[in-house]
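Note that chain A is present in both complexes that follow, paired respectively with chain B and with chain C.
Let's turn to the complex of A and B:
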């Protein structure tokens, strides 16, 4: 039996309190974006919003952020699904794989990014291994994976960082619902491949969706990862927000509030998508 | 619904793709296990080596000289040691205060139905999911007005913003799965709601509360944007030291600080896992971090440790 009661007002009010700081931030940023608050306040004006909307570098930075976060999320999801499906047994190899996949879970983003600089840089560990193998002869022969425009280092690092969380969720989904449904399918005559295609993968798809949305949100929102691994052109959205916000030029600082407002609105939209996928997954369970 | 068994077919194989166990598949599995183990053990090992390397010039595969100066800086209570202390205090405060605030919120959320449930859950998750840098820049001037910017108290309050979001969702999952029969029994024996909360519900959920404190600690422990903006350079935490050392090219100190940032969370994870495994009594179905949880709230608790 689960906890249920009829009154919803206290719960809704408390949830509102949790969200209040973000709402305050949204309100302040909105006021500052139209010149009514903040250090650059000069009275009602749409000049900051207009300038940001016309600034192609902002949109290229936002597009880069979405592209890199989407690719990293896709890679992490694929790896997590492979581990969850491929290592479901009780043998030592299966257990070792599951444990190893979960170890990076508590590693903070800043450590993942710092480690990536040391491993993926042009004089980093991978470049040294390539030199030892005779593949390259000097650091410039190694492809730039850090601060690079395609964001390969960023994508690989955050894909690796998020595999544990997604693996944990995928393993949980399969452990609670997978075996029963798969056994039913097999009993009805489905082949292993058909069971995988028609039962396991769809089940994982719906069960993993909320976590996948969260991972995308987290990667897209990381400041430290983008600052240490992202390119300077286009500048990732989080770094652009901070740089404009910190600028000595008050005009630019006003633009920073527009970016803050945009970031929080995108966060709101992402949370709506998350809750939609979570509600679908919850219905699947009940 | 029941199904008639197909003649000649025994029980289903639990691993549909592995039933063949061909040499090729075994090779793929071996490669995957190797890669996973390297990706788990490699980073801490590399950081440990880097933190003690005096000289490690390209293209040497291993350091050519060793030094303990980064670690002696930690022991001598230099900036790095102070940053560790600050991070631990901020993390513990965030974890404990976050749980005190979020546990009743999570319980209230779990009691909601229909649209109110969806809106409230989304509202609770918002601070954890909104871009941290946007939350920080959106709040900074409010903190400045309240004279909290640049102070440890201000930084704790800032860390509590995403932490309470994460923990509210965590406790929402815990209370969604919580079996209320013990509470009902206590009520029927005459206990007041306050007594039930303090003497039945909270003691029953002790392992989950411990995990919650750990989760709140982790949110603060890896936090960069909120500390950077709200702390205004006056509150030095371990993640900021890592950022600073990496950007200054101080590899040895960056590695030592990063290793310190890794070790404590891993110890916490192991302790929490062990406690949760021991504490999963039937009366309190444990939620997120403890056991397999399906396609719903428990399994998808937002866990960005650097949120």
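Let's turn to the complex of A and C:
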């Protein structure tokens, strides 16, 4: 019955195979979170859960992570939609613009983050240019964009890195469904502005939403970029998790597993949103 | 008696050299199954027997691979010699203390009696935790022929963060915590912690420390100084002493905080980020838990050519680093042979060269054959390094790892978040929450 619902038995087996590591990891994390596994496990205990739940720094870090990931995702989405709508023609200019939007695609995330330090840091390229141009007295007068509490460097870097993926999806959505529907609307007398507002944007949003959710999940869970660019306080969630998992004091490592479970809940919530948006997109296509 | 002991050590060195030469002339015998004898059992066997079991085997070594100079020493100097003399294939794999411990815990929980790693590069908290968790094989280290040459009179080499290695790890090198400054930017760097505090206030935004291992060592050294010096931190962890000394440390940091880089609201994640800030002139000091690293960093272009290392006159933390064998090592014999080669005068001398890794030797020069003693004495010096006599004068052994564990935890909970209230930890972290209460020691 399950196999029929998911399409095929091999498909279900494959899905199970993909999910298995997560399920095993979840089980191990749950056991370690209550003191039944992991370093310095001393038997059933709720001390790790209690300590994490009462730790304000964890919740501030989680809030910062959601804020930063949401803002970076929003910026990347806006840029992708702008490129997809503004440069959808077949002319050389439009093609060049679409290619330019895809340039960050092959750059590894850790390289992008390290590059951001070199460009956005207070001794970085922008600071030196600003100092040379006389905008600021010396590079140290440049506003902190790296390891900063608002996370501007982190947000800008990840927005930039995610523009290609979202542009790719947005352009595909418009190319496969957009033109036909827009022409129909125009034939029925809709103005260009109305077509954009009533047809193009809703179509694009519904087709893009699953990808947007995926991008949010990815940014919220990233470690390297958060470690290189994120603030010291609040500590990004992924960094806080890893830090506890690597703590010198073994009795604190169980806290890392509690954070892992919290991160998993956040991820599952986002996956639920993803499934909901995907279902909506499917209904639109049918 | 001393003469006899010296003769014994020289004989051990001769034996090690002869053993290596004889093995080299025999050629390489590949494909020999190393056998699964435990390190403790091997330690009771004649050394020739251990070497025979190791011949032709592969030794997987978990070690930090983040420094090109260390990698070059391991890959280009050590590995070819092991292959040539013993037919041992060295398989270095990148891993550090916390990751090593987590991996071995998982292997133990999975019931893997035959694991994947043969040798580990560890010290301090990692050794303490691995021993506490029963994840190390041994004792075996004292059975190595070259162990007779080790400077056991030095508390820095003979103990690992105040803990007796008890034959469960073999020393490999020693280092000292040094500050790094730019001689053109800071011609007269502060020489004491008090002078450093004055310097920080006089130069707002130009000093910080990292959140990683090196920064923690800086904080530990400062705490030990403020707590009365290294002599008061020998022996087991003392909760009351930690509470008193750490309170002084938090005061020192609270006073310095407004004048730290970014007003103490942000700290570099690790020492590499700190070096980057120093090289880019955002701050005027970097740090290294290897007094000679400045030479290789300048050579690699990571630090300015005018960088210099120095140690504070209030005392500089020094420690030894070791190699150990995990409880489920598939090739303990191979690991022991590698550990013995690492201790040989030839390997220690090569490792100490300032134009290479520049890591300190753990051998007692007075136990070496005269020829090797002369070679060590003739090691070239670099102007960027701290002079050897200065290093020896100010070196202080690390305290119990428990001090560092609590310091890390309390710093993260309170200092990093800018909580004005002082942490007063010192007790069992199982019972601690975000606001630790004063408790007796574990």
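Keep in mind that, in the parts below, the second predicted complex is superposed on the first by the 276 of 286 C-alpha atoms of A that agree within 3 Å, B and C clash if a C-alpha of one lies under 4 Å from a C-alpha of the other, contacts with A are read in each partner's own complex, and residues count from 1 in each chain.
The criterion applied here is as follows: a residue touches a chain if its C-beta (ideal position, glycine included) is under 8 Å from a C-beta of that chain, and two chains touch if they have at least 3 such contacts.
This structure is a prediction, so every number in the text was calculated from the model and none was measured.
S.K.: Put chain B and chain C onto chain A via the superposition and say whether they clash or fit.
M.R.: clash
S.K.: Just checking: does A:251 make contact with chain B only, chain C only, both, or neither of them? Give me first, second, both or neither.
M.R.: The answer is second: A:251 touches chain C but not chain B.
S.K.: One more residue to check, A:57. First (chain B), second (chain C), both or neither?
M.R.: A:57 sits against chain C, while chain B stays out of touch.
S.K.: Tell me which of chain B and chain C touches more residues of chain A.
M.R.: Comparing chain B with chain C, the partner touching more chain A residues is B.
S.K.: Does chain B (first) or chain C (second) touch A:104, or do both, or does neither?
M.R.: first
S.K.: Return first, second, both or neither, reflecting whether A:227 touches chain B, chain C, both chains, or no partner chain.
M.R.: Both partners.
S.K.: May I ask you to decide whether A:147 touches chain B, chain C, both, or neither, giving the answer as first, second, both or neither?
M.R.: second
S.K.: Does chain B (first) or chain C (second) touch A:211, or do both, or does neither?
M.R.: The answer is first: A:211 touches chain B but not chain C.
S.K.: Which partner does A:10 reach: the first (chain B), the second (chain C), both, or neither?
M.R.: The answer is first: A:10 touches chain B but not chain C.
S.K.: So, A:38: does it touch chain B (first), chain C (second), both, or neither?
M.R.: both
S.K.: Could you name the one stretch of chain C listed in 93-101, 147-155 or 399-407 that collides with chain B in the superposition?
M.R.: Clashing stretch: 93-101.
S.K.: Mind sorting out which residues of chain A both chain B and chain C touch, each in its own complex?
M.R.: Touching chain B and chain C on chain A: residues 37-39, 117, 123, 227-228, 245.
S.K.: Which positions of chain C touch chain A when the two form their complex?
M.R.: Touch residues, chain C against chain A: 98-99, 101-102, 105, 109, 125, 129, 132-133, 205, 211, 262, 265-269, 273, 276-277, 280-282, 401, 404-406, 408-409, 412-413, 416-418, 428-434.
S.K.: Touching residues of chain A toward chain B in the complex: what are they?
M.R.: The contact residues of chain A facing chain B are 1-5, 7-8, 10-12, 14-19, 21-22, 24-26, 28-29, 32, 37-39, 82-83, 85-89, 93, 96-97, 99-101, 103-111, 113-115, 117-119, 123, 125, 127-129, 131-132, 139, 160, 165, 168-169, 171-173, 175-177, 179, 182-189, 192-193, 195-196, 200, 203, 206-211, 214, 217-218, 220-224, 227-228, 237-238, 241-242, 245, 256-257, 259-261, 263-264, 266-268, 270-272, 274-275, 278-279, 281-282, 284-285.
S.K.: Could you pull out which chain B residues touch chain A in their complex?
M.R.: Interface residues on the chain B side: 3, 5-6, 9, 11-19, 28-30, 32-33, 36-37, 39-41, 43, 46-47, 50, 58-61, 102, 104-105, 107-113, 116-127, 129-135, 137-139, 141-142, 161, 164-165, 168, 175-181, 183, 218, 221-222, 224-225, 228-229, 239, 242-243, 246-247, 251, 254-255, 258, 261-262, 265-266, 268-269, 291-300, 302-307.
S.K.: For a test of understanding, state which residues of chain A touch chain C in their complex under the given definition.
M.R.: 37-40, 42, 45, 47, 50-51, 54-57, 117, 121-124, 140, 144, 147-149, 227-228, 231-233, 235, 239, 243, 245-253
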